[in-house]
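In the two complexes below, subunit A is the common chain; its partner is subunit B in one and subunit C in the other.
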Partner chain A sequence: MDSESRSVNPGVVALKPETITAFLVLLSAVLMMLVMKLLNPTFGSIEQIAAILTTSIFLVVASYGQGLVILLGGIDLSIGVVMSIAGMMIAGLTNGSNEALIWALPVTLLSCIAIGLVNGLGVAFLKIPPFIMTLAVGTAFFGVALGMTAGSSQRTVAPALQVLMSARISGIPIPIVLICGFLIAGSLLQGRTATGRKLYAIGSSIAAARVVGLPIEALTVAAYAMSGLCASFAGMLLAGYSSSATLDMGDPFLMPTIAAVVIGGARVTGGKGLYFGTFAGAIFLSSLSTIITVLSLSQGWRNIIQGGIIIIALILQTKQWYLFSMVNRRLTGKRPLYSVLPQNSESQL
Partner chain B sequence: MRRFQWCLTVAVVFTLISSDNRLYGQGDQKYKVFLDMSYSGNTWQAAAANGIKALAATPPYDKTIEFKTIISGTDVQKQISDIQSMVAAGAKAIILYPLSPTALNRVIQQACNKGVLVFTYDSTVTEPLAYNVSNITARYGSNTAQWMVNKLGGKGEIIFNHGVAGTAVTKTYDEQAYAIFRKYPGIKIVGDFYGNWNDATSQEEVSKILAAHPNVDGIWTVDGTYGSLQAVIKNRPDRLVVIAGQSNNGYRLMMADPALQPKGLQGISSSAGPAVGGYAFKVMMEVLLGKKKLTGHNVEYPLPWVEAKDVKVCSGDRFENGCNVFPEGKVPPLFLDTSLDPKFLPELSLDAVQTGNPTPGATIQPLPEPKYAENLPGINCQECKAPADALEPNLVAPIPVPK
Partner chain C sequence: MNQATREKGRPLPSSAFAGLLCLAMLAIYLLKTPSAITLAGITDLLNNTVVLALAASGLTLVILAAELDLSSVGVIAVSNVIVATLSTKLPSGAFISLTLVCLVGLTAGLVNGWLVAFLELQSLACTLGTMIVCQGIALLILEAPGGEVDGFIMNRLTDTVFGVIPAAGLILGLVVTGWLLFRRTRLGIAIYAVGTDSVASRLTGLNVKGTKLIVFALAGAAYGLAGYMLSAQTGTGDPRVSNSFLLYVFAAVAIGGTSLGGGRGGIIGSVVGAGILTVMQKLLFALGVAEFYTNIFNGVIMVVAILFGNLSAIVALRQRVITGRHKNSQYARQ
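Let's turn to the complex of A and B:
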């Protein structure tokens, strides 16, 4: 595998399919905005773009966890519920007081990590299929939250959290700074650490990972716990943005987290995908949602477009691997095996 | 031997009848009454159910009825089987939030034919044997749209925040509001979206539309009003909007905020309130106990209507002396002030609608004669005609179309 990747023209190696996909997706988002600008000249000021980016933070953060889980070949269907629970907890525990944040923040984060841990333990040790495990855990914890709150909205969120979502640093809205920070930290963790690489290895071939002696169960549990943590962050930011919390506020984000990962070029069966791609997918979906809203499409059309884009992304993904193989063959004269691509990408990370 | 068998049979039948009596609660004169909720995961449903539960535990109803709550979720098939189970368990009256205007008709008819009283609250059914108590017929869409048009002087850019796609309420209100806005060519709907009655979603979507249409003058909502207004305050704090919508405590406080009004904020607090649940329950109980005889099957709960000038902050835990909003911090900003109704539901306090516990010392007060609702085909009747002016406002006088 190494000899094969070394023999490939370095210029071509740099253009990994996931990176190309991510840039193409980002480019599509920019193009959509430009088209919008043409249709509506008042659209597109810096302030307006900042407002759109601010609303994308929830998806950017929550889909990171989803991306890690999908990297392992799993899926986390409890994200929407965890987001709602985090929002309800931070609002209920702080009750409008900044002082309470000191303990409410870790309590909320730990509680949501615990939900992720339950998911991970079920998938890793009890071998329950991820979609069933996470759906069941999400439903059960929704029940717990419902029992404790009776569905009522919670008190005002701590003012500091509200300020976090509306204040600026040197003229730049804090959410945008957070997005940049999260992108860098997330990409480094996923792509540049030994743990991240091990996740790719497990996702590519669990049998091979077992032979090598990777701690598959522990890393699976860690990935689901990380997903809980990200959903928790996203839920708290959403509560800060809305100044209040309800038990259904996280629901609209579940499908988009999966869509962002898929559109970003990750393979749904695991082993391939960059956080930059997921990030691009999240920005793309937020832009698309803005365009759909501004164009006032009916709900039916919105659903058709959003569902259609996921299907198109999956089709393009398959075709893209084929095209990538063709290009590689032309440039190197060798036939890169489809099955070695994930390992190939792993060695490049 | 044969005589023994005969005696045994009589004894078994007698036991069954007597146990059946016990099941039906006739021995101790307690009626079995069921509340069938749809979904308990949101603020509105929780407040409505708490109001009903508190009233059921308020004297003398606490001694009169055996009250049980069933949550059917969002699955209409489950609601059908739940209603069948309630009838089988000896229900004398069922109050429910129906999940469909038509799908429950057969099971409701079966229940009514067995002498069970079936009342719906807020949402309605077209089964003629059922009693609907709702304000879906109170023309929320046309009244609020006309109010907005009047405040905007007949022209301006507006955002249209639909509710949940595919629901009877959204269809009805949208049709009414569109009919009014279309009359005024100066009114331009520059963006519309399905906010799903959700404040976080509404806030996001309004922020996006404001990015494309920075000169928006008004927002029409059914719910998600607080979130919609938050979006304007955060993105365009110096120029606010004319807005129509719900009765969240935070929204009412903002409407009446003297710091926000000079920036152009004008709001109307209306929409469907959770108190309709408690009101429907009281009407049902009066019919069940023979204190009231209804002449129609569709009862209209009055449309809440509070403008900024009418907002009055309460000092206690009840809406008394004309007050209609709680001070900031006493309740969550999304608390629905229309959970309470001092006119029809004086038995309820803040604690009652938040916990479902009865108000200490309260006793059930009689209701005035109800107002009967007009027909809305497919909503509260099947073979019927809507009034000719069904899309016209009946609370607000229209202004002439500006030239």
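Let's turn to the complex of A and C:
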């Protein structure tokens, strides 16, 4: 991906620091697994690695939406609730039949996009801080879902979704194929389309974006809707994986989506970050939590290690970026390209 | 910098709208449940407010300096289990545990401040890390809910002082008075300056890093105290303070009119915001509203309160010379 962007766009410096960050985060995930393998030779079979990747799909998908919103300088705190709602809906609507999936799938997706739209409209037009808007929307829709379902779905998820999460294509589990596809599609959308580049522009400087005449409100709404869409995908996959759904199953994913985006090198105030980085952060966090589960430690120690490693990862990532950009600037005399828009940025959404 | 323009057209603080909303809700609540218009009823209401208000006050300081802090639930959990395990075991455990929770809070805050100010980590992410670590420490101290809080803490802090003033009200009063004095000090002004524009503050010679460090440390101590008050009310220890409490702390700050982008707002608003959220729970309970409606109302009230705050900001902007944008964060100062 990186080599491609180099050849197509001559303005991009040889190696984007963000790409390096992402590779280092991936590398540290691999290192972490190697250390585990040394400590515990039974760990780290191909099956186990595949299992780690399979369970990482929820975070990989959900944090894409979070990444887009954070790119704009916002934040989406409704992701956990939307994931739960999507899982509950797909279980409730299909009730174990594959035929129902044909209409249940779009209905679920559209409902979750609608929640995202509410977020986006509130943030873009009512000027409510994203933190509060998404929190309020999440809380309110949690209430709606609670009122309609009493907390857990008694129905089973359509078998097709369960098969999707467990079957293999020529030996490779389908979720891993999905992750690869999602990574490519997501990276292209975020980094290589005019719409994606406009998000960077808005996140870097909203005033400049306004002067240039970018459709700020429309793109903001679109980003939040996209976040709802990703969260609903993640929620449906989660429901398929666990073959049932509860109204709190999405909650544990909210904070990790933010952590994945930031560990991947994005800036919380917007304008900087690659999806490849977020992806690396998601893989890192998923393997971290799997490894910690494998260690037979009390929950307290697991938390301490997990929190500690998140902080260490942040320190390494931040400092590495500083070092790299210093060296890079000295070598090439150029600043990393991020706030510069491609030429086709005038085309509308 | 912005100070001159701010002084010129000083608008009604947006916390005033929050205050009106709070009073209106309180009035409806008291009309609905006349039994609450007693000293005991009001003490109860203040007791329910004080934990959220203390935590929100701490967070306000951090947010004023344009940083975020998620560690509150972690620190509250640690201080809660410390009080639950130590206060009955030691002689004068109430005071020892009070000192201890303050120290623990300060330490956690200093770690946060060091990570943010000196290692220049993004506050949202690294305080997420310290939150998880603190929750882990709480689980190590007390594995499952249990323990016992000293009777002195439980009775004195939830009752009235001299038979007339609720202890929780006294604490809230102290917080507000302390804030009114503090915000006029050099440090208090520096927090606003750093939150408005940290580069300009550094160029004017303010110690930006030191200010941020102190802000996080003070916030940590406030979370510790909030945990202490929580123990006083629950009378037991629980290592798992729910994450939804964290969201309420942020909501209280935002409803109180503090801009999440930093540099605007204050602790009084956050205390009022905590009051709104508490009264709302009471009101909905008094009206006999089912739990899921409570959630919906919570969401709606948050948005409405912010909209009120925004209205006041628009009114303020009309009076103010718009000098341009100060920060990159997108919707920070509308």
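Descriptive notes on the structure:
In this section, the second predicted complex is superposed on the first by the 291 of 349 C-alpha atoms of A that agree within 3 Å, B and C clash if a C-alpha of one lies under 4 Å from a C-alpha of the other, contacts with A are read in each partner's own complex, and residues count from 1 in each chain.
Everything that follows uses one rule, which is that a contact is a pair of C-beta atoms (placed from the backbone, for glycine too) under 8 Å apart; a residue touches a chain by one contact, two chains touch by 3 or more.
This is a predicted model, so every value here is computed, not measured.
After overlaying the two complexes on the shared chain, residue contacts for A:G122 are found with subunit C alone; subunit B is out of touch. Applying the stated contact rule after C-alpha superposition, one finds that A:I20 touches neither subunit B nor subunit C. Looking at the shared chain after the overlay, A:L146 reaches both subunit B and subunit C. In the superposed pair of complexes, A:T318 makes contact with subunit C only, with no contact to subunit B. By the touch criterion defined above, A:D248 lies against subunit B but remains apart from subunit C after alignment on the C-alpha atoms of chain A.
Look at A:F131: by the touch rule set out above, it reaches subunit C but stays clear of subunit B.
In the superposition on chain A, A:L189 makes contact with neither subunit B nor subunit C. Of the two partner chains, subunit B is the only one that A:F43 touches; subunit C does not reach it. Residue contacts after overlaying the shared chain place A:Q299 against subunit B and subunit C alike.
When the two complexes are superposed, the chain touching more residues of subunit A, out of subunit B and subunit C, is C. With the contact threshold set out at the top, residues 142, 146, 299-300, 302 of subunit A are in contact with subunit B in one structure and with subunit C in the other. In the complex of the two chains, the subunit A residues touching subunit C come out as 72-75, 77, 122-123, 126-133, 135-147, 202-207, 251, 255, 258-259, 262-263, 267-271, 298-308, 310-311, 314-315, 318-319. By the touch criterion given at the top, residues 36, 40, 42-43, 45, 47-49, 51-52, 54-55, 91, 96, 142, 146, 150-156, 166, 238, 241-244, 246-249, 252, 289-290, 293-294, 296, 299-300, 302 of subunit A touch subunit B in their complex. If you check the complex, the residues on subunit B that touch subunit A are 40-43, 45-47, 50, 162, 165-166, 189-194, 196, 198-201, 203-205, 207-215, 226-227, 230, 234-235, 250, 328-329, 332-335, 354-356.
Those residues of subunit C lying in contact with subunit A across their complex are 68, 115, 119-126, 128-140, 143, 239, 243, 247, 250-251, 254-255, 259-261, 290-300, 302-303, 306-307, 310, 324-325, 327-332, 334.
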